[in-house]
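What follows is a single structure, written as structure tokens, with notes after it.
Going by the order they are written in, the chains are A, B and C; count residues from 1 in each one.
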Amino acid sequence: MIGIKTEKKMTSRENILSRAKANKPDLLELPVINVEVFADGKDLLEEFTKKVEVVGGNVVEQNVSETIFSQVSKMYPDAKVNYATLEGAGDFNTVSLEALKKPHELENLDVLILESILGVAENGAVWLSDGQLPIRVLPFITNHLVIVLKKENIVPFLHQAYPILAKKDNDFGVFISGPSKTADIEQSLVIGAHGAMTLTVVLK
Amino acid sequence: MKVGLFIPCYINQLYPQVGKATLELLEKLNVDVVYPSGQTCCGQPMANSGYEYESVGACNNFVENFKDFDYIVTPSGSCAYHVKKHYNIIPQTEAVKKVRDNVYELCDFIVNILKIEKLTASFPFKVGVHKSCHGLRGLRLGSCSEVVGDSFSSIEDVLKMVKGVELIELTRKDECCGFGGTFAVTEEAISVKMGKDRVKDHLDNGAEVITATDTSCLMHLEGLINRNEQPLKVLHIAEILNSNI
Amino acid sequence: MSHSKAASIFNTDEKKVNWHDKALWFVRHKRDKSVHAVEGWENLRSLGHGIKAHTLSNLDHYLTEFEANAIKNGVQVHWAADAEEHNKIVHSILKKHNAKKIVKSKSMLTEECHLNPYLEADGMEIIDTDLGERIVQLAKEPPSHIVLPAIHKTKEEVDELFQEHLGTKPCGGDPQYLTGEARKHLREKFMEADAAITGVNFAIADTGGFVVCTNEGNADMGAHLAPVHIACMGIEKIIPKQEYLGVFLRLLARSATGQPITTYSSHFKKPIEGNEMHIVIVDNGRTEQLSRPDFRASLHCIRCGACMNTCPIYRRSGGHSYDATIPGPIGSILSPGKDLKKHSTLPFASTLCGSCSDVCPVKIDIHSQLYKWRQIITKETPQPLVKKASMKMMGKVFSKPSQFERVGKVARWSLRNLPKSVINSKPNVWGKERDLPLGPKESFDDWYKNREKND
């Protein structure tokens, strides 16, 4: 076959991109988001609390007369394995993350306390990201999840949440709204699928 | 105002009383209405079955018959919608554009064009309104349960002008009846099941009469009601608006 | 099998049809309650539509931007032109890591590509970890719904399935107990997984990150524990900027189940130190669909399943009657683009009632596209001769008023004079369960002419 020039075969990447380019319509404008049309004048704290409860979680106020650790310990009297990322956890923490060989060893974690920097009123979601998560699987593998959130860090809608997140370089982050759940068996809601079986937001 | 009356093919042949009621009603409302005798069908049966190209003759005939009227009024939301939405398959002459712009379903015309606020009709029965889909979601004769916004209904507005009518609430306010043109035979099992469920909703909620803007839906429901000997009367909305019981 | 045939088989058990219809209507109802409480919901839908339409109109650009950012984040990006290449890529990554046990969270794309059987053929164990998907996997069935994969199964059926496969005790179908047992069973699978596969709900061009939404937490349990995470996405999952998640995450769960947001909306960007993260970007017919002006908006779909829950036909025929990866209205406009002949009955499995278009969170004109597919199907696939001939005849009759009058007269006479046994005989499918109207002596036309004469 000498003399016949074989063309180099297009890679799938080139193929897909060139087809996307050839087949797309003329450029359409990006719509402008005017968040004002969504304003509903609801009280943030009230709405946040209501939504956390709707999605199966609890909201409590931080008790000023005791530490968050003793407050949470009373909520889960049977818990054996606890961990908090908050300062001053001291002997609340029964595991040392540094000593773990792999995250799988957190399998028996009963109670985890984390801090969130952002809550969203419209859906009761709280944001957790690498900054607050020394190990990514923590909020999923724990049986009970407690998240501490400052009241002033609640925004009305996701539209207000993303500009705040855009300023931070998150390698991983998650909005968590309530405990893990499923309704895959005849649409019956069951709390506690693969992730945390309870979620409590402590407002301070 | 010159109004052309369009009587859909199946009403013309099978339910002439609906055509009569429509005409008489418009005349009572002092509308200068004419029924052009060369009309046949809007073309929908072929088009919805995937044979739009076979409906071109029907479309042209429709335009030919109605191009000189200020408004075209028809006792069918479905046919009006078809003309508005699907007459893009023939060249868009001035006549075609005019016809598409000016075709109206009967209730829509009464409420939104004539702006009628009073009728002399009376009909002392519990009435359930089956909101035919093409009128509801095509012509937006009312708000539908899917869309967020203010609640409204031209059909209910006009029925509320009839003395004695008691509108009943349905459990599923605007579910399809399952007629769907040739769907009624190509998907017979589902079509029948949908129709049965629609009838049951009316019976469960105490309707004595089931009405709609479309005789096609009603033909399907009536077929089930008659076969199963159920205590429900079926009337096109024009018959109620034109009645004096 | 045609949709109507499968649907009529499903309808032989009316009780089950009622149960199925009610279960899905319940979800539709939850959606209504949720969205009617959102100020500006219709604006939100328009934004969703507009952002998706814009993205598709600049798709190659955003894909390239996404790839570059993902690579910067330390993610390995792969491109697959079709299902086979997708499967090969996933397989080769797994092979490289000597992965034998794989956990997978929900991904309609991997269903579309038939990834599981491909990997199983090489002796790999692949476990679907979404509870509904695990149920249908154990039953050796495809999902019947994209959000509620086991919606066609009664709790008693799940009970039996779990007894057989997971060794559970008979429980009369107690969902609490069954879910608890599934949690234990799948916990073991998460603990021993060598690799995790997830789908992608949204891929963000300006960050190179992607978002995966679940209620159960299964995607995260898999992805954060296994040393390798492979995320598979269709090219249409791209959105230009992270801030648009504000629009789509507000729309998605509310439309799907009525929840204000899924329990977990996980934003993946960089792999865990020491682990690997891969993204496989798949075409498999999508650029072809992009080339069709009438149908390209079907690529806006964010897979919420709302059109299925609202569809009166889907609710009464079950997802399996569509014999397609994506069932229901959205599937009926996507599938013909892939295999027109195989899926030629799907666009006819609709009354064109339009409810699907009105619930769609990204305003896809689903019912209009169904209508348009019908026009193509009658031209490009073999049609029953009777249907074709009768349509031609109708077309002729309706274009000539004189013929219409003649045919109408005969039809009315027949309805009036023929015995019911003849009218409702077998060729008349209408008459199986419905009466036909009595043919009136006089058409409206006749009546009008007489009236004019007498005036």
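As a convention for this text, a residue touches a chain if its C-beta (ideal position, glycine included) is under 8 Å from a C-beta of that chain, and two chains touch if they have at least 3 such contacts.
Everything numeric here is computed off the predicted structure, so don't read it as measured data.
Novice: What is the chain whose Cα centre is as far as it gets from that of chain A?
Specialist: B
Novice: Going by CA means, which chain is nearest the middle of everything shown?
Specialist: Answer by centroid distance: C.
Novice: At what distance in angstrom does the C-alpha mean of chain C lie from that of chain A?
Specialist: 27
Novice: Indicate the whole-number Å distance between the mean C-alpha point of chain A and the mean C-alpha point of chain B.
Specialist: About 51 Å, centre to centre.
Novice: Round to the nearest whole Å and give the separation of the Cα centres of chain B and chain C.
Specialist: Distance between chain centres: 31 Å.
Novice: Which residues does chain C have that touch at least 2 chains other than itself?
Specialist: 38
Novice: Chain A touches which residues of chain C in the complex?
Specialist: 23, 26-27, 38-40, 43-44, 46-47, 50-51, 53-54, 56-60, 63-64, 73, 79-81, 85, 129-132, 135, 148-151, 153-155, 158, 173, 175-176, 178-180, 182-183, 186-187, 190-191, 215-218, 220-221, 224-225, 235, 240, 242-243, 245-247, 249-250, 257, 259-270, 272, 281, 283, 287-288, 290-291, 293, 296
Novice: Which of the residues in chain C come into contact with chain B in the complex?
Specialist: 3-4, 7-8, 11, 14, 17, 21, 25, 32, 35-36, 38, 41-42, 310, 312-313, 316-317, 347-355, 357-359, 371, 374-375, 377-378, 387-388, 391-392, 394-401, 404, 408, 411-412, 415, 429-430, 432-437, 439-440, 442-449
Novice: Any idea which chain B residues touch chain C in the complex?
Specialist: Contact set of chain B toward chain C: 7, 9, 11-17, 19-20, 23, 35, 37-41, 43, 45-58, 60-61, 86, 133-134, 136-138, 144-149, 172, 175-176, 178-195, 197, 219-220, 222-224, 226-227.
Novice: Over in the complex, which chain A residues touch chain C? Could you list them?
Specialist: Touching chain C from chain A are residues 11-13, 15-31, 33-34, 37-40, 51, 54-55, 103-104, 107, 120, 122-125, 129, 135-137, 140-141, 157-159, 161-163, 165-166, 170-188, 190, 192-196.
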